[in-house]
Amino acid sequence: MVKVGIVGGTGYTGVELIRLLIAHPQVEISVITSRGEAGTKVADMFPNLRGHLDLAFTEPDTDVLAECDLVFFATPNGVAMKVVPELLSRGTKVVDLAADFRLSDAAVWQHWYGQEHACPEILAEAVYGLPEINRDKIRSARLVANPGCYPTAVQLGFIPLLKNDLVDTSRLIADAKSGVSGAGRQAKVGTLSCEVSESFKAYGASGHRHLPEIKQGLGLVAGNEVGLTFVPHLLPMIRGIEATLYAELKGDFAELQNIFEEHYRSEPFVDVMPLREHPETRTVRGTNLCRIALHQQPDSNTVIVLSVIDNLVKGAAGQAVQNMNLMLGLEETAGLKQMALLP
Amino acid sequence: MVKVGIVGGTGYTGVELIRLLIAHPQVEISVITSRGEAGTKVADMFPNLRGHLDLAFTEPDTDVLAECDLVFFATPNGVAMKVVPELLSRGTKVVDLAADFRLSDAAVWQHWYGQEHACPEILAEAVYGLPEINRDKIRSARLVANPGCYPTAVQLGFIPLLKNDLVDTSRLIADAKSGVSGAGRQAKVGTLSCEVSESFKAYGASGHRHLPEIKQGLGLVAGNEVGLTFVPHLLPMIRGIEATLYAELKGDFAELQNIFEEHYRSEPFVDVMPLREHPETRTVRGTNLCRIALHQQPDSNTVIVLSVIDNLVKGAAGQAVQNMNLMLGLEETAGLKQMALLP
Amino acid sequence: MVKVGIVGGTGYTGVELIRLLIAHPQVEISVITSRGEAGTKVADMFPNLRGHLDLAFTEPDTDVLAECDLVFFATPNGVAMKVVPELLSRGTKVVDLAADFRLSDAAVWQHWYGQEHACPEILAEAVYGLPEINRDKIRSARLVANPGCYPTAVQLGFIPLLKNDLVDTSRLIADAKSGVSGAGRQAKVGTLSCEVSESFKAYGASGHRHLPEIKQGLGLVAGNEVGLTFVPHLLPMIRGIEATLYAELKGDFAELQNIFEEHYRSEPFVDVMPLREHPETRTVRGTNLCRIALHQQPDSNTVIVLSVIDNLVKGAAGQAVQNMNLMLGLEETAGLKQMALLP
Amino acid sequence: MVKVGIVGGTGYTGVELIRLLIAHPQVEISVITSRGEAGTKVADMFPNLRGHLDLAFTEPDTDVLAECDLVFFATPNGVAMKVVPELLSRGTKVVDLAADFRLSDAAVWQHWYGQEHACPEILAEAVYGLPEINRDKIRSARLVANPGCYPTAVQLGFIPLLKNDLVDTSRLIADAKSGVSGAGRQAKVGTLSCEVSESFKAYGASGHRHLPEIKQGLGLVAGNEVGLTFVPHLLPMIRGIEATLYAELKGDFAELQNIFEEHYRSEPFVDVMPLREHPETRTVRGTNLCRIALHQQPDSNTVIVLSVIDNLVKGAAGQAVQNMNLMLGLEETAGLKQMALLP
């Protein structure tokens, strides 16, 4: 059994991570910290865990965390970067589910996140935790930056096109839609049930923090800077991201299905659906899967890629567990074999 | 008081049309037909109308319909075209809310709708009922083809760009999302609550019937055939369409806001929001409004247009009433001044 | 035109009241106050009102309010009671949509609302604004306490039974369910979309503030104290209350339908449905109606009353307008004739 | 590994049963039959199962089914009773998830289900599959009638009260609410998303088929016929039942919490929550749990029991697996240890 700690377990990413780790056959959760909720039983805050977990939240304590094999940060942006250097120096591995280590350029990070980076010297060491791109680096990493939810869905859909130089990378479009859980568990008027139910809207259409993250990732795959327009939207539902991707084909659409299937053949968590299917977010709810399908319209050389994930699993906690499995030498799929509840 | 008839009032478009016409100060509903429900009180099927309407559904009867000033067809595709010539010949005006008269080319119609057109000779006379484009023609029309829901939202968002030659028309992208009411009131597994709630998906991504309709409309505005990729998606909610539109700018984004505001200044049902706002579908629910906002992302020459309507009102029944008002010489906004319920 | 003011227009009750008053043919809104939002255009906060209202929120100012014919308080409990005496003394009538004047016994009020009452001497003058019971008193009232949402649905369902001494009043049961809008627009974790969607629960099952209000009202009708168990529940939807009421019959179920129909025959906003129908909350959404239906099960002498309202309309803002109409000598139904949007 | 078959796997109960059985460590699904879908891959109909199950639906064939250790019927009422005698005679055990064997009196069954019973002689042998009542009988049963969803939630809430003679059994009230999945996957207008979203209603208020089933079960526990009023309601969500139960106390409320905790102390799937908690359906979604809490209001001798389950799990497929485990000598909780997804 490996011992893990969770810093900041009171949000939706946190409770999902706890759920996955409880069910993981080789993991023991040693500590879950929360300044605000220290002393509260975790299962009193999240009654779905009643009978499955006896821990209470505790005050964060670096000495306690340092005894873990690996610590997850499920904290707001800007928290992990203040603690991670100390933990690394004491031999504890880290997966940060926030954005602190996702961008390799500290100046870009500071521009989009509006604060000074606390440890820019560590950015070079941090591995971007998209196993489908960086599996080997993750295996040997001390620090993994778990990707954002939108970036996961968008990159997995575009990668085979860019890797094989099949599209014009100067004008990629990603129209993405997310369930409300992506907005977190803070009390805000904007995510009240009465504000988001029975309505739909774009947000961040003039520029969202996930834009530079996606551009960085796709640029590395393409071997050159890419042009990307990324518009997120808020869905009146809890979980799920769907990204509809558009790119101009250089070659023939007919070959793409094979290329995608080949590219992802050995990936345990990417499912290329039959040509012209329409993946539904509910079929991946609660799972670590990304489902992808390809389309083309008559008289058009635009390829359409549909990509769905559960934002809290493959887009957050599940991918974090996948990264942990790789970092600690466990089976990559351990604890991640659930099927979606349907309906 | 003008006298109107409704053919096929048992669907969602039908009940919405009835609601709007009951509240219309200058209209009397003479007859509502339905083969399947003849004899049933309309308010027994739709209890929101209890106390507001005493009519029962009746068998369709051309003699009765011909006594109306105007007849609405809220029928499945392919029904109106069999009756409309007779009604026109007897001096009754017609608004068809289905697709029978939307495409001017009978061959294209037959390709997308999979049946022979019953009266191709009338297509030339039918006026496409988007008042923002065809107001004068509608005023003198005998037969108006009420636009589709997606085509309304998409065209209203693109028109100022195309009219003023501001974008590359060879690669327009419309990523559109609709509430479930757009799928109608037929009993189908695919629109059961358990199938669509808490899920999201694209559909018709390889080609949807509204694609040729939108291309026809935009081509007329642009003065040349346009290249368009149109992907519809199904939202887990009842009413509302949001279309996120992408086009490559020829000129400067900074001028667009003024151009849009000028273009729509006198339109009663198009509301150009302040620059970089994010219109929500719920703010137009139950209303005949289209709300539009403009965005651009850093280092990009792609313009993003956000356009929202209520698919059953501006996308169907409300626009039909607007067309009726024009055709019968009533005030264009009569009966269409509701505010959205919020929350 | 009568001139009205609204104190506290930033909540869901407030925006609904504004919507109804804008559409009211004989009302002019003079002022809408909000300490926190003074200076903000009302339509910027509530975009459904764009184009329909030009007012901005202003700081509360008793001199300005006193110029109105009538002032509505759509404030949290405990606010109105501090201002109302002054307004009354200056000749302005008041409808309080909060609970400050609903309970005639200050001690009971203080027990349930946890604060000292600021003007217990006025309680005797305040008229409980359920027009179906107190129409004449409301007509001549200076101060009307607008009933709570649950109390409206529950009392309207029980009244004909109690008025006619048809049931055992010692053990009435009201199992009531409300949409989330009843919980207000404050930012709280408990009403986030992710907390209430796709879930259902009872709350306040050991005693809710509406319990003494309902008991007071029913006791007056019955002529004796009643025994009542009242359990509210939270529905995963925005608007609507359904109350399922249970009482033990003294006499024969067969007569009840007639008694209910007679009792409510001249009421414009109570609709007794045919025997054994099942009223749906959506058929009254956005309307001032209460729909009621009666049931009995085999071998049982328990009568079941189903009662539905829109909690924000007949349960709050609509009833407030109805009370205003009565207090100012306007037609009782003015501004309240909407049909529900369906679907 | 035990071998099981499923007759009728195309409904919501069926797909949930398949999901649970795939994840069960000691079960192999041999055959899933469906007349209408024979030849279709199960995972093509239910894409949440892609990658987890390779079976296709087959035509029902008694010889094939008879080779199973146990066969589940997830069919409409009236199907199982035509095949079960043959299977039993060939040594195959049966769990029927429909209602065919739930009522011991064939005449009562025929009254409520409107058809002749095909094998009344077997009713005496069938064991009612509520393990909390009949665990030992289930262990040795050949045929188990899996309880209805409402009856499970209602009985588990009432049983400790009746077993210990704590309440007046002549006037029990069960106000129950269910998600839409309880209505099944048939294409019907009444369960379309646009019909049930954002609305709430009672149904079957004059008498529902689960009424005699609950009365039979409670009568056996109480040792006498009970008086019960049972009103089901339709919730605008997919999964979950909440039952709010009312009964008149003979003794003291203060003792009840202990009595409930004692009664269910060793039950793996009943969780008595702390006094005066409010169980939420989402905390049991996807799990086999029933969560219960107790309340009393001031000056009242009515006990209120809140009981929640997932209608498709503890109310159907999960309880069926629990029964299978008992019948086949497996660990009772095998395959049933999931936590609910939250949010």
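Residue numbering begins at 1 within each chain, and the chains themselves are lettered A, B, C and D in the order written.
Everything below uses one rule, namely that a contact is a pair of C-beta atoms (placed from the backbone, for glycine too) under 8 Å apart; a residue touches a chain by one contact, two chains touch by 3 or more.
Keep in mind that what you see is a predicted model, and the values were worked out from it rather than measured.
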Average the CA atoms of each chain to get its centre, and name the chain whose centre is farthest from that of chain B.
-> D
Count the residue numbers both chain A and chain D use at their shared interface, divide by all numbers used there, and answer same if that is over half, different if under half.
-> same
Please compute the C-alpha centroid of chain A, do the same for chain B, then give the distance between them in whole Å.
-> 39
How far is the middle of chain B from the middle of chain C, if each middle is the mean of its Cα atoms, in Å?
-> 37
Intercentroid distance (Cα basis), chain D paired with chain B, Å | 45
Multi-chain contact residues (two or more partners), chain C = 12, 181, 194-195, 197-198, 236-239, 279-280, 282, 285, 343
In their shared complex, chain A is touched by residues of chain B numbered 171, 173, 175, 177, 179, 194-195, 197-203, 205-207, 211, 227, 229-231, 233, 235-240, 242, 244, 246, 248, 276, 278-282, 285, 293, 295-298, 300, 302, 304, 306, 308, 343
Which bits of chain C are touching chain B when the two form their complex?
-> 12, 15-16, 19, 22-23, 46-52, 181, 197-198, 238-239, 271, 273, 279-280, 282-283, 285-287, 291, 338-343
For the complex, which residues does chain C have touching chain A?
-> 12, 180-181, 185-189, 191-198, 236-238
